[in-house]
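Two complexes come next, and they have one chain in common, chain A, joined by chain B in the first and chain C in the second.
After this line comes the complex of A and B, so read on.
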């Protein structure tokens, strides 16, 4: 009797496991399709479809070479542009935001509540709210269609959430460390640099990676502020691979994979930081 | 030399807030001003808002004048339909999956990592993948329906007004589910295992434990998921721009895209500013909610 009950339960558990795993595999089927189509000649995909074991002889990297090298698409240049824009647009705001986060956790000043509310406001406001005046300003200042212009905007925009993120981390560094350093006569800058920053390396790395990914993934600011072909970033270029009527899925899937490769690699290497960064939203609030 | 005490915060606050003031605060205030600026008369009035809200151009329509069963219904309604479907699906599915992965299924970390892919990749690429998923002859969904013999759903979903909006919304579930699963999984870590064990000892079933032990303790996480998903749905742009560009015939356009169309196609900066303000007003209640929860 009891044994029967156990085996019934075991079967149910097994069935549940199978169902959930099938669901998960179905969930990533589009990714599998994406990869398969990108490494096959598109003519073959049209005729035979992609949901099959591909014929090893027909595998090709032509779609990738075409997307990267053909001057019509030139993803290679835009990939480099994305690297430049995303790197600078993550280093600058993380430094600036670390300063702000220190002030919010360890110093008292007038308007503290108002400034913090401003930070939260900017974190959630739509990007569309800033672009019109900046576009007109940038045109007058010669910042339109330059890396400097978009990097300054991304940096200022990113400071808000990074400040919030780092403040949540700094809050859990024991106040006694700061107090002790103050008693020893250390200046606030010294405390920030010598005490807080070294203890916050994981948070700083997480902020850098998430901000980098955010900027890399951005399309809207790029569409508004970068116009010439040799300045455009990868998200812009990939979207343009899609023709108006005829879609070459071989090219488009290869471009998509090139464009998402960087965030995917960062995610695989720094998985823990990503998950923690996102989870920070849900827990303990 | 030591700085006067009240000057010290300035060293920390000046660099970040100078950048914010010039590149975020100033443009926000100027957008607000522009939205009231009537370029014909040079006066400040509500003309931009009126024209934007009443436009019937399919590219820019915010509120449709007449409704049929088939979109376009106007960008505002598309955003609302998006929310009405996306928020409950993402919340419930996320809860159930997080629960099953934690207590009943082996290899949960791998599945979570797979689901998470959707929020790591650029949303623009996400839009392209959605198009790919729903493309006739090569996409997963039309292939399934053609196999089942459902003629009308085996076509390219994003090319037909009947199915385009639904395709994007379902596709956005695919992109965004990893977010809710991650949040709920993290929150479930904080539920003591003893609570679950105790319920089990008293003979509670799997589903009973789910809805009367686990779910009530996840209330804060559920609120976060709902709020963040609402924000995501209201601000959605890249996914739509990359997959359909608002088409066919405006049947998938959303507010952020209308703002961009006024800006880039119409070169009408003042109306574009008015749409940005309308979008912000919709987001504002959520922002106020979060600011209240997060006081310094």
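After this line comes the complex of A and C, so read on.
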């Protein structure tokens, strides 16, 4: 009887494992393909296909070198551009939103509820809806095809959701901490950077990473607002690795991997904080 | 009259339609330990927060040391507050927690690093936490956290010390210990203290004076002895004392006081008593006697006996009402037994059933 029970449990565990592994494989397979193709010569991929154990002798980093160095593609410059745009477009809105979220959490002012509702509303507007008026506005203001322009744009979108995100996190911090600091004579700005910010590091990092990834992966706004080659970001350049009549799969996959490596590395490094920051979002208060 | 060090002048605070604090006036002398006592939602914490400046009153003024502080920020009032959850900054060490009030106004107080260190060490030694200064609050026990919170409130040498149920998160045993230490500390330092609690034992043991609050109003301010022995309101009578005062609804006629289950003949010249009344009798002012030997006793039926170690609470039924009797004698009583109560009529208090206000002692009201 007991043995029967154990074997039943074992079968169930096994079945569960098989199903989960199947799902995992389905997820991982495209990545394996991506990596395999990027480290093989074009010829070999075309002739032998990618779904096999690659021949160790033919492995090469040529595709990466080519994508980064060849002036025709010049991913190196666009990588630098992406770094500038994505980091500033995450740092600026997180700083601004942290201040706003502090006000929404700990200060009383007129029209607070209405303002907050407006922010939520802005969060829900589809980006595509705003692109034509923004384009005209940017052209008139001279912000078209500038880093300042696209950073401003991403920051504006970022402030809305980061304010919402951080406000929810700040609400999680006991109000008595803020009040104790007030009674002790701390100014609001002191409370903000000495009490609230140190306690919100996980949330700040989570917001930074999410916003960074979002901006890094953006293609739509980049296509509309960054035109000249030396200002284009990596997502635009990766698309151009694919010719009109000819696709160099090695080059394209290498470019894609270069492009997605940065958010992935960031996520891996700050994974611990990221989880804590996002987890608090779901905690019931 | 001693001039008030802390004065609340007709304070009213509303939250939407709820009146949290209703026309409260209170004078607290320098160095006095005053306890705001009342059930939850009675407005005691709101009153404390108004003193701290964390709430702005809709009406009325707050004065500290002769200065109108009503419109001042909390940090400019020179008050310190101990919160129910201690509100220690979890990312700072104990040292930094205690130093925080000094550090944030370093320039205003003209303090150097050495001065701050000296002050923190002094107060930490006083509270016996100088060995914990490098720890984080989460590494401390509840009692230790409590001391850190007290130290942080003391380090600035405030004019007024405000405490919002500071002992309620402690274990019962530690609470009694800290309670005594707190009282000693307050007396030694002579800091004017306003302390909020719903625990009458805390109030009675700590306070120089107690302000009993209910529904946003202060019903009585007096020494622990006064509020216990001479409650000015039926609420005070039923809130203070363990068990509280027995309240019976009686009716006064010309010659007698008709109560449920018994009637008490009144002296013939009773003119002040007419109609419905509440009479209040403390459980310790009733004695259980075995037989109806003399006529001035009340017949009762034993409902249940609660032993409390050194004493017993005997619950008896008198005319359908439960009356609690406190006795130190172990009596051979079982539920359902008939017994007799001898009431100490000198101690019986009378309240107005409409307003709840104190009218007088039963045997005093007769003499005009």
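Quick note on the criterion: the second predicted complex is superposed on the first by the 262 of 285 C-alpha atoms of A that agree within 3 Å, B and C clash if a C-alpha of one lies under 4 Å from a C-alpha of the other, contacts with A are read in each partner's own complex, and residues count from 1 in each chain.
Everything below uses one rule, namely that a residue touches a chain if its C-beta (ideal position, glycine included) is under 8 Å from a C-beta of that chain, and two chains touch if they have at least 3 such contacts.
These numbers come from a predicted model, not from an experiment.
Trainee: What is the contact status of A:147 with respect to chain B (first) and chain C (second): first, second, both, or neither?
Mentor: Neither partner.
Trainee: Taking the superposition on A as described, I'd like to know which of chain B and chain C A:190 touches: first, second, both or neither.
Mentor: After superposition on chain A, A:190 lies in contact with chain C alone.
Trainee: Based on the superposed arrangement, let me know which partner A:199 touches: chain B (first), chain C (second), both, or neither?
Mentor: After superposition on chain A, A:199 lies in contact with chain C alone.
Trainee: In the superposed arrangement, does A:220 touch chain B (first), chain C (second), both or neither?
Mentor: A:220 sits against chain B, while chain C stays out of touch.
Trainee: Pick one for A:37: touches chain B only (first), chain C only (second), both, or neither.
Mentor: Touch status of A:37: first partner only.
Trainee: In the three-chain superposition, say which chain, chain B or chain C, touches more residues of chain A.
Mentor: Larger number of chain A residues touched: B.
Trainee: With both complexes overlaid on chain A, does A:181 touch chain B (first), chain C (second), both or neither?
Mentor: second
Trainee: Following superposition on chain A, which residues of chain A contact chain B and also contact chain C?
Mentor: The overlap between the chain B and chain C interfaces on chain A comprises residues 187.
Trainee: Can you tell me which positions in chain C touch chain A when the two form their complex?
Mentor: Result: residues 52-54, 73-76, 79-81, 83-85, 87, 89-91, 100-101, 104-105, 108, 152, 156, 162 of chain C touch chain A.
Trainee: Enumerate the contact residues on chain A facing chain B in the complex.
Mentor: 13, 16-17, 20-21, 24, 27-31, 33-34, 37, 45-46, 49-51, 93, 95-97, 99-100, 102-104, 107-109, 112-113, 115-118, 120-122, 124-137, 152-153, 155-157, 159-160, 163, 187-189, 192, 213, 216-220, 223-224, 235, 238-239, 242, 247, 249, 252-253, 256, 259-260, 263-264, 267, 271, 274-275, 278-279, 281-283, 285
Trainee: Could you pull out which chain B residues touch chain A in their complex?
Mentor: Listed in rising order, the residues of chain B that touch chain A are 2-3, 6, 8-9, 11-13, 15-17, 19-20, 22-28, 30-31, 34, 97, 100-101, 104-107, 111, 113-117, 119-125, 127-129, 131-133, 135, 137-140, 143, 174, 179, 182-187, 189-190, 220-221, 224-225, 228, 231, 234-235, 237-238, 241-242, 256, 259-260, 263-264, 269, 272-273, 275-277, 279-280, 283, 286-287, 290-291, 293-296.
Trainee: Enumerate the contact residues on chain A facing chain C in the complex.
Mentor: 174, 176-177, 179-187, 190, 194-195, 198-199
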